[in-house]
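Chain nomenclature is as follows: A, B and C, assigned in order of appearance, with residue numbering initiated at 1 for each chain independently.
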Amino acid sequence: MTTHQEPTPRPPHQVLDGTDIARVITRIAHEIVERAKGAEDVVLLGIHTRGVHLARRLHGRLAQITGREIPLGTLDITMYRDDLRLKPARALEHTEIPPGGIDGKLVVLVDDVLFSGRTIRAALDALNDIGRPRAVQLAVLVDRGHRELPIRADYVGKNLPTSLREAVQVRLSDADGVDAVLVGDRDYAARSSQALASQPTEPHLPE
Amino acid sequence: MKRHLVSAADLSRDDALLVLDTAEELAQLSGRAVKKLPTLRGRTVVNLFFEDSTRTKTSFEVAEKRLSADVINFSAKGSSVSKGESLKDTALTLQAMGADAVVIRHHASGAPARLAQSDWLHGSVINAGDGTHEHPTQALLDAFTMRRHLNPGSGKDLAGRRVTIVGDILHSRVARSNVHLLTTLGAQVTFVAPPTLLPIGIEQWPCEISYDLDSVLPKTDALMMLRVQRERMNAAFFPTEREYSRRYGLDGVRMAQLPEHAIVMHPGPMVRGMEITAEVADSPRCTVVEQVANGVSVRMAVLYLLLGGAVFADGPTEPARTDSVETAQ
Amino acid sequence: MTSYLIRNAKILGGAPQDLHLADGVIKEIGTGLAVEADIEIDATGMIVLPGLVDLHTHLREPGREDAETVLTGTQAAAMGGFTAVHAMANTTPVADTAGVVEQVWRLGQEAGYCDVQPVGAVTVGLGGKKLAELGAMHESAAGVRVFSDDGKCVDDAVLMRRALEYVKAFDGVVAQHAQEPRLTEGAQMNEGQVSGELGLGGWPAVAEESIIARDVLLSAHVGSRLHVCHVSTAGSVEIIRWAKGKGWDVTAEVTPHHLLLTDELVRSYDPVYKVNPPLRTAEDVQALRKALADGTIDAVATDHAPHPAEDKDCEWAVAAMGMVGLETALSVVQQTMVDTGLLNWEGVADRMSHRPARIGRLTGHGRPVSVGEPANLVLFDPAYRGAVNPDSFATRSRNTPYRGMDLPGRVHATFLRGRATVLAGELAERDGLV
């Protein structure tokens, strides 16, 4: 018989800082303008929670680049989740579709981390009930792999190969007071309540 | 929230605000092309109505269908219930059919409480009005309507708002549920009625009592007129219809005594000419139609919060935020 | 006939003594009795009381044998320490003729567990319109002396007056179920704070008190005996106290459940708490205990009202009213009256045996515990503590509000004219009785 030894969890380490995040957002904004031919019919929809903050930043960048206000909205995908029955009912976030709607538009969904793809699947279902866009694209700050559905991002801030044991945390000044992307052992946060208390954000885990 | 909604007294302030905030989000749905969410797909909701109530039943049914639940209407009329089947046997039947929730309207006070406490069925019990006891979703839609007009915004309550409820308090399940919920949300409630239509022991309730409508009107932010059934006249609760409407009915002259911002509410169905004149009922200050629309949103919120998430055998289920720590399965 | 030697029992709570029971009577009382007996019982710590007498029992036979029969009801009575019960008249058919009361009386004799004294209806079919043949019921083998429309009130003042007058001819008494019918239309529970909140139709105290006030005045006016059934309010107590102060011949009873339970329990909407008169407030409970202690209320009567499960396993509004009570009565009285210091065991014997027997004019019951008296006795262990388990009840019904409740005391043995109907807490075989 061998005794199973749990490895000591690693504390999270930073992979992107504030400057990196700002640069990445600028790059994605340029890519959108380039690929959407001036972003004439683009509608930005941020997915709660941090996707909303990222979409707002992207919106600001696009205004600087194009000199126009790109329609910006928010999307709560709670009611479309495939894991609703695994947890108590959750409070809903605000869904705000811009006045022009999404029919015939190029909708760019914005989220912080692309992982299993289930959130995006739910977002696509939600869009389907809201209207009929010309096309839907996806912009994410981090793609950490481990897809469970045939979904890919059109704009990726950083590809971040991770193991399933790891957790990716995105901190944004709007919600967390600081801009950073951290990677650490999932167990680190889960095991240590002190670690949790010292970290204002939650690890981004498979949804 | 608890697993059942039997009494408005079961709702804490946080619970009540969660329902109102959720309803506010769900209200957006009515402006969409596809007025439907997949949330309760595969869940079976039974509308068990022992009493005729087209409005409440329709409202629940719309709410259930908008959430994609499988809806079964089990009406007491023409069913085995009218042939003497007991509530217990009806409940056992519904349990065997796999009901995840039972929306019950019953002429006997306490019937939903009895269902919820019994081991006859395991699904959630939602009280859609029981006898002269409670009608919690009506109170929620009333509070929702008041909040929209008097203190709009997510997370807001009704602190300090003055609500006057006029009419047959004694027989009103709406009044009972409202006094619980409005008090929980911080409002000050005043009941106005002839003494014959106030229950014994009402001094102990968390509300003010007045027999004089005119003196209360200038200090009212929301005025709720309750239906007064003409049959009450025969049981000597008041002498004549004319005398009732003269003393406790709302006409244009009385409405003018309300502050500018005040709204006039009615849970319906209205008895025009009795507790409310046509002039008031059709005025823009009267929220009756709005209340009906809000009823669907509030009932969707209740159904989602009770049925949308994991169902635990017992114990409260605390709402979790979407971005909370989630562990991989 | 089996003879018994009871060792070290406290008669009416007094010093431990031995009792020798033989030939249906108490043969000898003393310390260290040196007599031979068939069965010797170590009764150390136990109390001896005269066999309990219930003025108010629903045995349901004839008509509702699914709820109770005379046999199961008297078995329950024996298990509760009773040696005589008054069987209420609201059977189907109603006990309003000599034939029905004789039938019930004979069924009691045949059962052998407890003397059954039928109560006759005051009015035909409990209809409140026409006097039943009270004299014929009295002259029957049943020898009825207590008349009651219990379940319904004799609300017609003239009819009540006539009934009171008429029964004087044979020293009868009218036991009134005091409930003003118009004030209690649709009544579901005590009218008060709780009924208002629960939206259940109210049964106001005044509906009981107004009838009692009228009846004591009527009884004084015609010089007749009046007995008031199941007094449930503090106001009723005041009226009865006033009437007794006048020297009028008025007696009253209270049920065990009105001594212990309040309308707060109705908040559960569990119909096991549905009873008529309804459970009242804590203030009423305190007033009733005090009145029983000072003798304003003469007797504890169970109002044992068995109902089949389906009549309680339903919503409140359609549930039947009533609770079983024979097998828990003495325990509830110990908890509410003895353990609280309001009544000693002598007082319990008076309120549960002597006085009810005197009100019912039962000559063989409610006697002193002394040599030569008929051996109608109960041996009670007040030190016992345990949860009420309805599955062990002898009654056919299970509608007890005390399920799972810890109540003190337990009947160890009951003797009916020297025969043990209950021994070591177990019901005796029927063959041994008759």
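The criterion applied here is as follows: a residue touches a chain if its C-beta (ideal position, glycine included) is under 8 Å from a C-beta of that chain, and two chains touch if they have at least 3 such contacts.
Note that the structure is a prediction, hence the values are computed from the model and not measured.
Think of each touching pair as a link: the shortest run of links from chain A to chain C has 2 of them. When each chain is reduced to the average of its Cα atoms, C sits farthest from chain A. Put simply, the C-alpha centre of chain A and that of chain C have 75 angstrom between them.
If you average the Cα atoms of chain B and of chain C, the two centres end up 46 Å apart.
Work out the mean CA point of chain A and of chain B, and you get 39 Å between them. Those residues of chain A in touch with two or more other chains do not exist in this structure.
Residues of chain B touching chain C in their complex: 86-88, 106-111, 113-114, 117, 130-134, 173, 176, 199-202, 204-205. Interface residues of chain A, counted against chain B in their complex, comprise 48-50, 76, 78-80, 83-95, 125, 128-131, 164, 186, 189-190, 196, 202-203, 205-207. Across the interface of their complex, chain A is touched by residues 1, 18, 21-22, 25-26, 28, 32-34, 36-39, 154, 304-312, 317-329 of chain B.
Remark: chain C residues 188, 191-200, 202, 204, 268-270, 310, 313-318 touch chain B in the complex.
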